[in-house]
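In what follows, chain A forms one complex with chain B and a second complex with chain C.
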Partner chain A sequence: MTALRRVSPFQAGFWLLAMATLVFLLAPIVIVVLASFNDNQVLSFPVDRFSLRWYRAVWEDFELLESVRVSLIVAAIATVLALALGIPAAFSLARYKFPGRDMISAFLLSPLLIPLIALGLAVLLLYAAAGLRPSLTGFILMHVLITVPYVIRTVLAVLTQLDPALEEAALSLGADDLRTKWLVTMPLIRPGIIAGGFFAFMTSLDNVPVSIFLGSSRMTTLPVRIYGQVESYGIDPVFAAVSTLLIAATLAIMIALDRIIGLDHLK
Partner chain B sequence: MSAIVFDQVAKSFGPVRAVAGCSLEIADSSFLAILGPSGCGKTTLLRMLGGFLTPDAGRILIGGREVTHLPPFRRNLGFVFQSYALFPHLTIADNVAFGLRMRRLGAAEVAARVRKYLELVRLPGAEDRYPDQLSGGQQQRIALARALAIEPDVLLLDEPLSALDRKLREEMQAELKEIQAALGVTTLLVTHDQEEALTMADRIVVMSAGRVEQVGPPEEIYEAPRTRFVADFVGVSNFFEGAVVAGEPGLFRTSGGTTFRIAANGHAPEGGLVLRPERITVHRSRPAATPANLHPARIVRVLYQGQKTRVDLKLADLSLTAMVPNARRGAGLALNDEVFVEIDPEGFRSLAR
Partner chain C sequence: MGDEAATASRATRSIEQAGGGRGASLADRVHAWKEGRWAFLPGLAPVLLLYGVLLVLPMLLLGRYSFYRTRRGTAEVIDSFTVDAFVRFFSDAFYLGILLDTMIVGFVVVLICAVLGYPLAYFLAGLRRWKAVFLMIVLAPFFVSQVVKTYGWMVILSNQGFLNWLLIESGLVSERLRMLYNRTGVIVGMVHILIPFMILTLESVIRQIRPQVLDAARSLGAREWQVFFKVILPMSLPGLVAGSLLVFSLAISIFTTPALMGGERVQLMSNFIYKRAVSIIDWPLAAVASWVLLVLALLTVIVCLKVLMPKRMRA
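This part shows the complex of A and B:
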């Protein structure tokens, strides 16, 4: 008889709790993924008959594809701009002591704290008061506003952990400020930049509260469209297919990031 | 290889005066250690020389050229940091080559220098490894190789050995000293470790509260400290308050009334006398010949320290510390022993007020 490893009740309980949490987190995702392959006319689970018809439906739904396009463009541009603003901002906050630094830091991170629905409404009112019309530029700028805190936070975290002697070493070896930043600082904070960019991109892609206020019929992002459709026509299995595609894309990006920088850095 | 001059250099951080009008000259090819407790301004001085801080006042010259306001990358200095500061994303070869590439040397020259300096620090073959694959001592050597590879005018060492364990630290001290002497590069070491300063440097600057207390070769700093601070900071000291007996310059009376014969060494002891503990000889019984200073005393503490035994004594109202070499089996002294203390008159040094 093989000796059973002794497991204390505490360990068993802990293991059960971990499993339950995992199931709780993963079950909805698994169900959506499985349901997207169901041939049924309404979104249902378990799967009766395997079919790719909803994926074909995604492909043929022009409006849906258009909203995916809008979402990706907005998220991509917003991410680039958030990085362009967030990295220098993180540098200033990490390196220089200036009056009002803590206030500015709090201000830059505040979009994380303010309810986004309030922010969206506020900007909509601002637009109305200023007589501005909804535009792609304004839309993207709002997405920059809500994504830049993620960049600042992650880059700030790696910057403050960086030994200042590393940059000083580069300077003493003859590298000027620019080359020091480029050859030493940037490579060392890259994990933070990539993580911040990833968070920014996902935040923008996922955002509803701001996008719903600032969008228009010609500028609808994917999550806003899904909300609208679900509200009007009920849960169409085509959304399960879109969601599955999004999950697959996210997973692919995460795996790629893990290969490049290690997921441990994505904190 | 160049002489360094600090001319009335001062630096404050807000209300804190880190360096107060400090003047120093460091001879070409010499090895100077700045020794002092933390907060004495030694690191500030080093960082001003390195170009990471700008002095509020004064000038800094390297080889006759004023560098006071020059950025670090124009100074041609080799800096070894306490944390080593090796670039973790670069291989050892790329770390050592970093400064050479900044100087736009050709690939062949870079490769040759990398090889040369890795051999110098006895780590040939480490080229393709990364810093985190090396031990602390090895990283230290690479940091040294990287700083030396640019063939700097001055080598700056900021507490370079403090992260190493004792045995390795002693080995590195000897090795660093040899490398420095072989290359003849002017070297400035900042340390709070007196042994490090005494072992490695040709000259020592003792600093306290932003000021230079004393400058001199290691023997002079240890044997002839000029101020109470230096005597206290470097090694163990016995202090005597009192005055020279009027009309008898070779006789010193402590404030408690005990008298000692002292060698007349120039100036009057305004700040009292200092005596190094190894200048005290402890006799278990009254010696046959009567030396200049012989006093009865009682042992109040015995601390065995390997090579020597530290013996704390009560001599009248004075508390003294003696270091007794441990020949064969310990010093043969025990607590509460009544002994005779002999003091070499030449051992007393006058302190400035």
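This part shows the complex of A and C:
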């Protein structure tokens, strides 16, 4: 039984604004998907003839596909390394008391706050000073730096919320430290690890302001490639198709994550 | 079984005593059975090494470059120690104008994010049954690549774009509006990218307001708008302030959206830095601009953490 309450004009306005914001949030995503199926040579509306030509164009653009390959390799390896470095760091910060702990913690999270274009420029200067050339290793290491704070943040959050009694019980029942970590702690903090890995992967896949300084004309990541092309040639419809594919992949990963750990962990 | 449980509880008790009793933090209590003064180091050493080489070293270099001088009219850097680049930045109306523009755009973006984000955050906070669906609608745009979202807005706002088509078809305007490659476009794109930060920050605060408090206000005769302005808004103010500062610090740093949607006309700090780094090469000036932006962004966050957030909300 729902009691009908009179809705005041204020409430109605409030509710309408909320719905308008939802539409605003979805608008560019929906429009890009629509535009990607438009047969027109130039991007325009309305969509009168349906076609898959832009998807074929993506498939035939070898430079674009190469940038996808670079992006996936960089994001995958950077995520694994960010987890490998970030999880032990979060453990140290959560489990030990030592002088300067809060400062180290703030320092490790600082890449989240630094304007990335400043970091990008700083790395350009480092490359210039050291005479380094663009390389996949450079990409991967810099992406570890910008993604590891996400892992530390999420893992630290679940670690500090953990009930210590659970680990204490395992230890007092004779499990050694490593066994306790592996069999008790790890399963308990798994949502934090998965969420951190997801953040890391998406951040790496998304980054422009640092990646733009790391690549060359022959080797670059997908977002930098899209950025460069759109900046020079405007809104080529082929990128509507690329965007649609990226949106579909993002949604698929999110739905899977909702099933595994729940969306609340991604906030 | 019983014995084991007794042992476990005894062990827990002894740990509690060793760690300073119930009041001690988790770190203290667990620390009680960890040995060694430097035991924290192995977990941190690799990540600190990475930060040392790829964060501290480059930032020191950035600091050094801001005291270099360029040979007049060229990109060549002269090994020197001078405040020349600082003087150039802070005495030139054009450069200061870019800084001012960046801050103005930041303020406008914060304002729009707050006005548009608040109702949706309030709506989300009160949801129970359909929460997952609406959370997905808010989070999906958040995780879609920034380049894709920016491209999407260019498709909507361009001369041949969706919005112009809609406005002309519906007869609302007779001539196509110019909405891209100017400040309007940049602000729309930036609001879209940053509004999820505002919504999520607000939602977590609004959710903690107990409905009984609102019912109390209503039963005392408050109208809905009064309930909002006199109860809900004041109670969620910490979230609004935190969200605003977060959005501001991100808005002044954002690169991709203004670079693509601003075209030649709109120049904000981040795009200015990029230009001075790669096309009109002037590394000392770019380094100074980077420091200005960095200090501004960090100050915003520090104000947010230290002054305006009540103690219980820090974490």
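Throughout what follows, the second predicted complex is superposed on the first by the 261 of 267 C-alpha atoms of A that agree within 3 Å, B and C clash if a C-alpha of one lies under 4 Å from a C-alpha of the other, contacts with A are read in each partner's own complex, and residues count from 1 in each chain.
The definition used in the following text is that a residue touches a chain if its C-beta (ideal position, glycine included) is under 8 Å from a C-beta of that chain, and two chains touch if they have at least 3 such contacts.
On a predicted model such as this, the values are computed, not experimentally measured, just so you know.
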item	value
Which superposed partner A:I104 touches (first chain B, second chain C, both, neither)	second
Partner chain in contact with A:R179 - chain B first, chain C second, else both or neither	first
First, second, both or neither for A:A252, with chain B first and chain C second	neither
Which superposed partner A:R95 touches (first chain B, second chain C, both, neither)	second
Touching partner for A:L52 - first (chain B), second (chain C), both, neither	neither
Touched partner set for A:L132, first chain B, second chain C, both or neither	neither
Touched partner set for A:L171, first chain B, second chain C, both or neither	both
Winner by number of chain A residues touched, once chain B and chain C are compared	C
First, second, both or neither for A:I260, with chain B first and chain C second	neither
Intersection of the chain A residues that touch chain B with those that touch chain C	165, 168-169, 171-173
Contact footprint of chain A on chain C as seen in their complex	4, 7-8, 11-12, 15, 26-31, 33-34, 39-44, 46-48, 50-51, 54-55, 57-59, 61-62, 65, 115-117, 119-120, 122-123, 132, 134-141, 143-149, 151-156, 158, 160-162, 165-166, 192, 195-196, 199-200, 204, 223-225, 228, 249, 252-253, 255-256, 259-260, 269-270, 273-274, 277-278, 283, 286-287, 290-291, 293-294, 297-298, 301
Residue ranges of chain A touching chain B (in the complex, touch as defined)	163, 165-166, 168-177, 179-180, 183-184, 187-188
Residues on chain B engaged by chain A in the complex (per definition of touch)	50-52, 71-73, 75-79, 81-83, 85-89, 98-99, 102-103, 146-147, 150, 156
For the chain A and chain C complex, residues of the former touching the latter	8, 10-11, 14-15, 17-18, 20-22, 24-29, 31-32, 35, 42-46, 85-86, 88-89, 91-98, 101, 104, 107-108, 110-111, 113-126, 129, 141-142, 144-145, 148, 152, 160, 162, 164-165, 167-169, 171-173, 202, 205-206, 208-209, 212-213, 223, 226-227, 230-231, 234-235, 239-240, 243, 246-247, 250-251, 254, 258, 263-264, 266-267
